[in-house]
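For reference, the structure I am asking about is given below.
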Amino acid sequence: MSETTLNPSASTPLWRRSVTRDLVAVLILAAVAVALFFLFPSNLALLTRIVAMMLLVLSLDLVTGYSGVATLGHATLFGAGAYAAGIVAAKFGITDPLLMLAVGALAGAAAGAISSLVILRGHGLSQLVLSIAVVSLAHEAANKLSGWTGGSDGLSGISPSALFGMFRFDLFGRTAFIMSVVLLLVVFVVLRIIVRSPFGMLCRGIKQDPVRIRAMGAPVYFTLVKMYAIAGAVAGLGGALSAIATKVVGLDSLSFTLSAEALVMLVLGGTGKLFGALVGTLVFVWFEDRVSAINPFHWLTIVGCLLVAVVLFAPKGLTGAAEAIWKRMRGARS
Amino acid sequence: MSLFEVKNLRKNFGGLAVTDDVSLSLQKGDRIALIGPNGAGKTTFVNLVTGHLKPLSGTVHLDGQNVTKASPTQRVKQGLVRSFQVTRLFSEMTPEEHVALAILQRLGRSGHLFTNFKTMPEVVEEIGSILALLGLGGIARTPVAEIAYGQQRLLEIALAMALRPKVLLLDEPAAGVPSSDTVLIERALAQLPPGLAVLMIEHDMDFVFRFAQRVVVLAAGAIIFDGTPAEVGKDARVREAYLGSYADDRSVA
Amino acid sequence: MQTILSIGADALSYGMVLFIISIGLSVTMGLMKVVNLAHGAFAMIGGYIASYATQQMGLPFGVAIIAAVLGTMLVAVPLERFLYRRIYGAPELTQVLMTIGITFAIIGIANFAMGPTLKTIALPSQLQGPVDLGFRTIAAHKLFAAAVGVVVAIALWFIIERTPFGVRLRASVDDAAMAGALGIRTKIIYAVSFALAVGLAALGGVVGAQLLPIEPYYALHYMVTFLVVVSVGGAGSITGALVAALLLGAVQTTGRYLMPEYGEFFFYLAVIAIVCVFPNGLMGRSK
Amino acid sequence: MSKLLLASLTLALTSSVAFADTIKIGVVGPFSGPAALQGKNFQAGIDAWLAINGNTIGDDTIEIVYRDLPAPDPAQSAALTQELIVSEGVQYLAGYYYTPDAMAAAPILEEGNVPMVVFNAATSAIVNASPYVVRTSFTTWQTSTPMAAVARERGIDKVITVVSDYGPGVDSEAAFVAGFTEAGGEIVESVRMPMNTNDFSPMMQRIKDSGAEAVFAFLPAGPATLGFVQAYVENGLKDAGVTLLAPGDLTQEPDLAALGDNAVGLLTTFHYAVSHDSPENEVFVEAASKAIGSASELSFPAVGAYDGMYVISKMIEATGGNQDAAAAVEAVKGLSWVSPRGPVSINPENRHLTQNIYLREVAQEDGQYINREIQTFENQGDPGWKAP
């Protein structure tokens, strides 16, 4: 029986170690962002779009990867954020980008909490179908309320004012990109803290065995609703970011297609890991963009084959495969 | 007033009475064994009193309060904790995290978003002492999927202890454990706080005799015997109930 | 009264079309436990084969149906052997990723090989035009689809419940290891049931092509519809799929007649209500 | 991954500096996805123009840069447009099949000093989104309005409108209802159908029950039109003499073969029929058919692209190849020429085409189904446009 691993004095360094790891993770992300900024100065709009998608996929990871909720309707939360931010800007003149982000996060959180009340009624397949029904209803509602949303023509007339009154959203998309990267870093750190918090552990427990969680006296339903609200805020930020950077919000931001794409990106990167969400999104969108630029007529076949290859050769996603290789290399060395 | 009191509990599945007018009470510090042939309704009884099933009629009182209508989680919060016959653990999480979750839940901190149990000295200390007590200190950071089944059963007990219940219902704590390791489980149960009332469902009669001060026998949903371990083997109805179902069982004399 | 009868006839025929294209998916999802999002892609392949056979080769409709079913099965065999076999028993999300990938690839290939335009299947003259039901006329091909649906339901029920193959299939699904120990070659059983499901998809694609026209994005357009019918009915249940298809067909048809503006709302609200009350589907076995 | 990045980086660098006197035109359209056929038509129109006129204007060489946008996706549209301007250095933007995609590109034009020629997107308000937008297609208002007159001329008093429930459908309904009621007709009912409707029988029942003499319908070109026309015939509406009137999206040429005999006799109003009888169209159809591979796939977006290329060539001539969006747009205001669809001109007020709208009847000719033009509404502007 060893006491070494678990005496209180050892806990502080342990906790510090995780802070150090957070710092390293943030530094890596920031370095990648800076490198992309200088390597691809003319692709910043695409990169900003990738960051917005990353927020959506991170949000999906919270409910699917960490809490075990199967959903093909996650764009509901993204679209809620995008439309809320777009509507306050286009109809109420609230054009400050930070305020728009806040509105998007709030709307996303509300949409998350409300939609979870329906989605959490099912399990497995029925949960997937409920989530599809929810996103389809939201899509129809947005199409119907064309006075507010612009319907299928899209919501235009969004002109965000300069960030802090100083940095205009320029043609090159520099302001939008830098803002989106800072936003992503902040969200990433907050989520790292949340997934390790008691609440995050509770969610992981629910994913693996909700009955056991109840036997511990912890609420399953309420916990998941809360997680959905948090995920909603993250996805809502992504939506608002997209509205600010694009200046138009379309019905596609509230679609089954976007939801399914987000799920594909998450599984591609690896579920239950925040890095997995980021890697999956970056690789998928970049791959899609490149392949479709090289051969716009037949890229779908190539993307399809990529997905099949991932299931065959990296069933735990790209990060899972990387981890396995890393472990094998370390094993070989020692 | 008893610490835990079940009165006239009834439950039917279809037309079949699976719990038939069961009354039972536990006092502080009790060690009671609930035995009975397969299909006697033992697990149903646990599910009824913990609130996972709704009874047709009857009441459940815990520490003087009527909890018949309370949800399972409310009952846990009031001190009624159960373990599972088949291990229910989180396969990707470590024993340390399991116990942490139980302690945080007891402390009402399990919903906290921006804290980490590793920064709470008192929690870390308690995790250490519980795991050490049960001999799980060495594997505190190994995912549960990778530890031995006997250790998983011990972790079930650790979780129950971390919740600091008033009444503990153990559903076959040694089920599936190789007989050489049962002694570890027994030793762990001996570490339970003396004031805790324990109701244990168990098949292994030797284990029951060593553990229980009192034995309750359930057959076809009804209590047919309630007395000391010494008396149970001599009771005619118990013999009939067991011999009727599995005549060649070695554990019942 | 006239109107109610008329809507009833529409609902019934539409429901039967839904049934006939969804039932194959119910087999894969319920019995083989594979979330096969590529189901629509197989239906589409069937449709293309039938279209090519009738329009380009001038073959009769009956021959085209058989060619479509067999041809699609032929395409599916290697896919089952090399791809699907790898995801039996895998987590749902993995199955979703793989089958979406297969769908994308098939769409891309169809677009390349058959072009982006609509393809139709030439119907024999008996199935063209309206049939007088007394209180109204209805398209002959709809009646045909309904009749095929009834035949498929009965045949499938017979195969699964009454034949040695059905017994082996159910045994393999419930406990593959035990079935293997009893000498059942589960790999073959799975391959055959997959081919059966794909054949049903192709049949549905051909028979339903008048309502769901064949074009490359067929596989994505109707993916949700198939999923919804199967899960509302309860995966693996023939009666469940039938009841769900008729019920949803009725909701959608009535909604389209009474309040077309809100037709989709009715449909999805009905889905939510049913799934909330019956989480395993109308006739699904609880897990 | 890094190889991919490197490859695209070198691509980006070489393409922006290597050809100094090459004028690049960025074309955004649906080259894959459900509307891939329309994207192919964009390309066919462009290729036809290049084949007839060559790829040089003055001493400048034209180069086309294609970007795929398979479905309405404004975020992707903005990203592609920005990348075309900033990294590819295009001087002109063109294409845009869907309205939200054009709307998302419009805010970037002024800062990028780039004019945009819309080849298709048909919502009236797009031209208001930026002064640098010129459109060579049509608007749904423009093609739907004349149908009201057609209906009245044929003595139809009561009409039910049935449209797909999205922007263009709503525009089409509004245009027809406005024109028809003004001409003294009565709209007995207006029905909007969900976009993904596939069984139209209940709709036909409703049309029957409404007691209307004719039905005005709008559906986007593509799969749904097949089911709609089929249901119209199978439910006995055609035999009962209920006339079907629609803008030409319902009977675009590539869909006609699938619609078959069911469509014969249908009346549609549109700005272009592949069968239009003029020497200009003959030249165009020959070149465009060669470009697209099969004449049966030729459709209206091709002529939008062809005329768009003409407008861009005039812009390049006027600016001498220099990048000056304001001057380029100014130069084509009021421009008039004879397009394959007939005589057209650019209205200086809204930079949209004034053109003939034709009433066509689906007919069979030499074993092919065609939209035969039977009546012309000359010099139609965009009745849906409101000055900002």
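Letters A, B, C and D mark the chains in the order given here, with residues in each chain numbered from 1 onward.
Just so it is clear, contacts are C-beta pairs under 8 Å (C-beta built on N, C-alpha and C of every residue); 3 or more make two chains touch, one makes a residue touch a chain.
Nothing here was measured: the structure is a model prediction, and the numbers come from that model.
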Connected chain clusters in the absence of subunit A: B | C, D
{"item": "Farthest chain (mean CA position) relative to subunit C", "value": "B"}
{"item": "Where subunit A and subunit B are represented by their mean Cα positions, the distance between them in whole Å", "value": "41"}
{"item": "Inter-centroid spacing, subunit D versus subunit B (mean Cα positions, whole Å)", "value": "72"}
{"item": "Distance from subunit C to subunit A - Cα centre to Cα centre, in angstrom", "value": "33"}
{"item": "Distance between chain centroids, defined by C-alpha means - subunit A, subunit D (Å)", "value": "36"}
{"item": "Residues of subunit D engaged with two or more neighbouring chains", "value": "32-33, 36, 165, 194"}
{"item": "Two or more partner chains touched - positions in subunit B", "value": "none"}
{"item": "Residues of subunit C engaged with two or more neighbouring chains", "value": "108, 111, 261, 264"}
{"item": "All touching chain pairs, where touch follows the definition stated at the start", "value": "A-B, A-C, A-D, C-D"}
{"item": "Touch list for subunit A against partner subunit C, complex", "value": "64, 70, 118, 121-126, 128-130, 132-134, 136-137, 140, 144, 256-257, 260, 263-264, 267-268, 271, 297-308, 310-312, 315"}
{"item": "Sites on subunit C touched by subunit A in the complex", "value": "29, 35, 83, 86-87, 90, 92-94, 96-98, 100-109, 111-112, 220, 224, 227-228, 231-232, 235, 261, 264-265, 268-269, 271-272, 275-276, 279-281, 287"}
{"item": "Subunit B partner contacts - residues on subunit A that touch it in the complex", "value": "1-3, 5-8, 11-12, 14-15, 18, 193-194, 196-199, 201-202, 204-205, 208-209, 211-212, 214-219, 223, 226, 230"}
{"item": "Subunit D - residues contacting subunit A, complex", "value": "1, 4-5, 8-9, 12, 31-33, 36, 39, 66-68, 71-79, 81-83, 85-87, 99-100, 103-104, 106-108, 111-112, 123, 125, 129, 165-168, 170, 194-195"}
{"item": "Residue ranges of subunit D in contact with subunit C within the complex", "value": "32-34, 36-37, 40, 165, 191-194, 196-199, 201-203, 205-206, 209, 222-223, 226-227, 230-231, 234-236, 254-255, 257-258, 260, 294, 296-297"}
